[in-house]
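First, the structure itself, so that you have it in front of you.
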Amino acid sequence: MFKITFIGAGSVVFTKNLLGDILSFPELQDCLISLHDIDPVRLETAERMARWTAQALGASPTIEAHLDRRRALEGAGYVVNMIQVGGHPATLLDFDIPRKYGLKQTIADSHGVGGVFRALRTIPVMLDIARDMEAVCPEAILLNYTNPMSMLCWAWFASTRIPVVGLCHSVESTTRDMARYAGVPYDEVTYLGAGINHVAWILRFEHNGQDAYPLLRRALEEGRIPKHDAVRAELFRRLGYYVTESSEHNAEYNAHFIPHAGLIEKFNIPIDEYIRRSEDNLKEFEATRAKLLRGESFEITRSAEYASLIIHSLETGQPRVIYGNVRNDHLIDNLPDGCCVEAPCLVDRNGLQPTRVGPLPPQLAAMDRPHIAVQELAVRAALEGKREHVYHAVMLDPLVAAVMPLDKIWAMTDELLAAHQAALPEWRS
Amino acid sequence: MFKITFIGAGSVVFTKNLLGDILSFPELQDCLISLHDIDPVRLETAERMARWTAQALGASPTIEAHLDRRRALEGAGYVVNMIQVGGHPATLLDFDIPRKYGLKQTIADSHGVGGVFRALRTIPVMLDIARDMEAVCPEAILLNYTNPMSMLCWAWFASTRIPVVGLCHSVESTTRDMARYAGVPYDEVTYLGAGINHVAWILRFEHNGQDAYPLLRRALEEGRIPKHDAVRAELFRRLGYYVTESSEHNAEYNAHFIPHAGLIEKFNIPIDEYIRRSEDNLKEFEATRAKLLRGESFEITRSAEYASLIIHSLETGQPRVIYGNVRNDHLIDNLPDGCCVEAPCLVDRNGLQPTRVGPLPPQLAAMDRPHIAVQELAVRAALEGKREHVYHAVMLDPLVAAVMPLDKIWAMTDELLAAHQAALPEWRS
Amino acid sequence: MFKITFIGAGSVVFTKNLLGDILSFPELQDCLISLHDIDPVRLETAERMARWTAQALGASPTIEAHLDRRRALEGAGYVVNMIQVGGHPATLLDFDIPRKYGLKQTIADSHGVGGVFRALRTIPVMLDIARDMEAVCPEAILLNYTNPMSMLCWAWFASTRIPVVGLCHSVESTTRDMARYAGVPYDEVTYLGAGINHVAWILRFEHNGQDAYPLLRRALEEGRIPKHDAVRAELFRRLGYYVTESSEHNAEYNAHFIPHAGLIEKFNIPIDEYIRRSEDNLKEFEATRAKLLRGESFEITRSAEYASLIIHSLETGQPRVIYGNVRNDHLIDNLPDGCCVEAPCLVDRNGLQPTRVGPLPPQLAAMDRPHIAVQELAVRAALEGKREHVYHAVMLDPLVAAVMPLDKIWAMTDELLAAHQAALPEWRS
Amino acid sequence: MFKITFIGAGSVVFTKNLLGDILSFPELQDCLISLHDIDPVRLETAERMARWTAQALGASPTIEAHLDRRRALEGAGYVVNMIQVGGHPATLLDFDIPRKYGLKQTIADSHGVGGVFRALRTIPVMLDIARDMEAVCPEAILLNYTNPMSMLCWAWFASTRIPVVGLCHSVESTTRDMARYAGVPYDEVTYLGAGINHVAWILRFEHNGQDAYPLLRRALEEGRIPKHDAVRAELFRRLGYYVTESSEHNAEYNAHFIPHAGLIEKFNIPIDEYIRRSEDNLKEFEATRAKLLRGESFEITRSAEYASLIIHSLETGQPRVIYGNVRNDHLIDNLPDGCCVEAPCLVDRNGLQPTRVGPLPPQLAAMDRPHIAVQELAVRAALEGKREHVYHAVMLDPLVAAVMPLDKIWAMTDELLAAHQAALPEWRS
């Protein structure tokens, strides 16, 4: 019997979805589910939700809940990470301070200054988790869902031999969008995506074995790509390939939209979007908890997340291909060795085995590399305690650089360093 | 409707097996089978066999036979290569001339002096096939079954952009042997193999998720590994891992057995084995042809060959893992980049995607590298027309070097060059 | 007797300086100097200057002048390239068209949109020179002085086996500046520089074996770095290392200065500087020609250029270290393999031998990589005839991206493509 | 004032030669010489010799002698290593035990079984020296003269950040031999060598800028290469390039000579040669000591060793090229990354800077790689405490493999492990 530990299980709806996926597989129903959260109310809610889900699916896993993380991890085979360090208040700081310096952001959780500070406060906790896992479940694999994906996975590679894969549904959801725009049924579509998380590129997009990019180009030319996806449509027009995640994310990943007069309106860019989502998450938690306490039921449908598929393939040997964020061990030739890339991975009894992609088209690699530079500097700042690299990371973000001069970048970074101080790594220089 | 072309289809029994595998898949029955051989009698026999096989399986593929290779290739999606350049007489030379210099060989078709000369006479034909494919079926993939596997695939990588995968059942047959010796059912075994063709290593060997190497070690210590596999048992004892292919092949791949007094007997090494097999093949062809002409029937069982599985996965998208001989694009860290390695490959609609293995244990990489050196020199001799590299290739084979001094190596190579002259590349230096 | 060919010899003052350097070495005086220019007046002037220089130094080289380039190259051992394709009118276009779109530039000859179009019109001529050299002086080495240095050298690596080194005095002149600011005699200074041309970094700066960066940092803090070098001073403050070339160049290499209100004035950025220099060059040519015709004399002092030192070391074997722009064959770990980097090179009878630098500090590599991305796209546009990569190159320049949105970038690029059309490569897509 | 420490200074004649070289440079005479040996008599002799040498050259360095190694190292800038762990008795074991198994050796100090055991007993001492240097002279560079050169340097790279260069005069002495055979004055010769220590290859050999290999080939054909160099002459005949070190060394580096009947005589291979040299060394020490005590004088001539040139270039900045054994950081493409290679290095104030060689001709790389495999296994055996890798290292030596079967290899290795036990690393597996 294998054990799955959820760290940050208090993301109750997400926990419910992953559990629903896992327990839908007959081969996986006889497992041990161990839930951990640092917030007792959220942990108790997660446990209720887990028990409700198991019962609803007619499964009988063993379910435990632990406020003590190390006890939750003991003997685990799989560790699912969904923590959010600093929560809503930290997110607000990541928006409010840059806004004072004229920097408008949409999501601020994966790249750019928001991503850097989210990484700086999350990496110390990740390193603690790594130490715990080395001690009590050294054979486990970490399935990471926490953002900023690339920086957290990179810090992990560099700090422990425990394997990790970063999971995100954005390759799948993007290809679903593309199929819809192109007017073809999703189950007749095959694709190949590669790059970095949230800025991966759909390199091949086929409908029944035929290139379906011409259909997508026609949709673009005929104005059939919806308004809310205008940023990615414009990037597709200019670069020739569709990018993953969404327009609201990609709007803040470069200097091409937000800094230029009128483009926020023209491209329907939802500034401060993630603040609203974060507030909704808080409300959703309360609503879910209330429903649970009232004994109401929830809908269970298979999600687009890869975690259950990976566990199933590792346990049963059924070969599957999933998109994972993994170490670039010569997988993508024109992104730096050792960084974190998103690429197709084979999963079977031999483990998670990344496949080799080769080179990206040069314009696409060039769009990814500035983010990788920021990531490297943020990760090294956190791991080596080099405070100067925090400023370097922020100044090298293309959006920040287009919006404010160097003295402002230094001032904004100083203010963020002060505001987040309690959660940050210890600086050695 | 896709087309599969068999080059060297006159290997009638092999053609029958592959066809049987392919036509057993309902999704593949509606294909076009195109057979080519330079020998009209063998070609006619192959066509009869193909028609018989289709009928026996209740399939109705279109079947054609062409003495003209280019016509056979036109529009193909898959090309299966099974040629044997020089046939039985050339094989005899590869044994007889070295034997005069004191060199005893067993198979002489993959590595060593026999492998080098087989490569030198086959590469020019392979290059012709590549030119034909570039002209009439540039989108096809070559599924190569002809030996010497590594040298032919390497020459192919270096000469054309047509994709190739070299296929050999030796990883599968080795793990079947290992399961039998270890006393565990094969369908409960998982494994990971990597290295070069015929000298790949079973790096992981598990029974129901548990390391099964201890069971194999016990079989070794208790003398339960059969006598005919004594060479591989000894290599396992010394190196800690089981090697692929068979004891008769591995006996001639190093200096550890044949040159030392009494070891041919002690390790049951069947010197000149391949001459007998080659003679049997000739007899088998005659018997098969006679049976066909008499209208008798044959047994059809699924073979261990990967070709049909690859075609099925490429056509249907069902993900599978097969062992392929592919270009070492950073797949195995401690074998040279660009050489031909055998590694697990994912196959689905996105094509044949090698997975990354990482480093081999150092003693195993060290066993493979001398063969890669010989291969590189033979391939460069053929492609660059450098006659001097033929001598270098031969002198660097560990068995040859242990058996005779350099002047004898030069004399033996001169004699082989003269005997095979008609089939060899044109020398420029 | 060896032969040195000057291509673009009509840059008369530069030709005089290099010739003066070369003929100052007694071991080099007995050479054959071959001058080429496509402008007969400039060529005739260069020949007069060469003869005057030789006489002034008491040397008796053989001096030839050829309007036919191939004849000028025949049998050369060294080819010095100083061409300027399009001349002053093309330079004006590179400033005037972008200016209409709000893009202010200073030099526009090495990176950014100016660099891209200078590369696009120069690469076809460079390829012609390569073909000529392969035909009539295949053993020669190209000493390239023409900008944009990195793109031209990269295109050269990718197109011919003739060796090349790109030469620029900016590492030397930068370290002279640094010594002056730090208040130490230049002949007591040692240094190590590496990166890409014009954005290389002084990684080590020592006075008599002691780190002299603290002295430079004190000069910065005490306001002793002169106003005209304010951009590099600011980059030093933020990044921790001094950058090569000059403040006027570096001002346009990133988004940190020109796009932000008031910074052109604050940092003394001389917009349109190169237009003035180009006009001065025209006047200087006329003045020099007039002086020559009047029989007046010129000053001859050793210049900071490396050409004569390289030739001397190659001819005599005296080991020297020069800074060259060479192929990144694993010289700088965190810049892409195969791009053009500036690094210390040993020169002696064995040729020009780049030394390995290892990794740059990550923030410095991150400043160089966006330019390398633009270079790759421009070079591929020219070599592969891919017009779309011209737009990609321009959009990826950090300054362009900060100044205008994508539709304006496309419009500006279209206008530049039209204006320069006659000199551009043939587009295939 | 800089300090040079000699570890193993009791190699008195070698100490005298290096000191003579160093003190001949006026810029180096004002240094501190610190001598260390574990043998008080040898140390006292070395001190006498050092004082005599300084006086004879009219130099006044400070000279110290320490039985305590750490005190000898304190504050050193240069550490010269010349230790011999186990001395003559250990050397005898390295010959005597293999001889019982039929293995004849000549020198046994660099590769093969002798090299492996010399490495195994020396690496622990090297690691101790590294720990001492990290503690008391972390800025120093180690100039290593002790054999087995490649294995000791490789172990050093893998264990400490203290820089090291392995020094050997064999490239220089080989090119002197070649010049003599070719009949050209050595001071008109230039050359390029690369490979691994003692099996490096002279890739370019020129007389006044012209290829001088044809002269050497003529000498070979006309029988003018002397008998004592017959092994290298034969390798040159077969491989096309001359190998470094000497025929007596190279005779035991492959399977081509010693195992074959009559070849020891035909190629004048001096079996057990190093035993005689080792005995001579003991006698020479006694004679030298006696001379010193009698107050007699010695000859001082500049030696072929690089140590003094390196120190002079590092101190004065005069650029020089020396051959060093350094980490293969992409210096030689077709030898494994990270192994120890011998390549030209630039030395100036910026340190010792290896130059990039590119690929070796494939037959030469193929001759070096088996030794690198043995080295890797021996180094990993020592550093990781893996006893099984000792057997693997020995079985992979081409000479051992040609001479005895695997069971004998295991028995011989067991006997050597037992005999040297006191000096060996601690085994963990």
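By written order: A, B, C and D. Residues from 1 in each chain.
FYI, contacts are C-beta pairs under 8 Å (C-beta built on N, C-alpha and C of every residue); 3 or more make two chains touch, one makes a residue touch a chain.
Everything numeric here is computed off the predicted structure, so don't read it as measured data.
Compute the shortest path length in steps from chain A to chain D over the network of touching chains.
Minimum step count, chain A to chain D: 2.
Round to the nearest whole Å and give the separation of the Cα centres of chain A and chain C.
The separation of the two C-alpha centroids amounts to 43 Å.
Taking each chain's centre as the mean position of its Cα atoms, how many Å separate chain B from chain C?
Those two chain centres are 54 Å apart.
Mark out which residues of chain C touch at least two other chains, giving numbers and ranges.
none
According to the definition already given, which pairs of chains are in contact?
All chain pairs meeting the touch criterion are A-B, A-C, B-D, C-D.
Can you tell me which positions in chain C touch chain A when the two form their complex?
234, 238-240, 254-257, 259-260, 263, 334, 336, 362-363, 365-367, 369-370, 373-374, 376-377, 380, 388-389, 391-392, 395-396, 398, 401-402, 404-406, 410
Can you check the complex and tell me which residues of chain C touch chain D?
Chain C reaches chain D through residues 190-192, 204, 206, 209, 317, 319-321, 329-331, 344, 346, 348-350, 353-356, 358.
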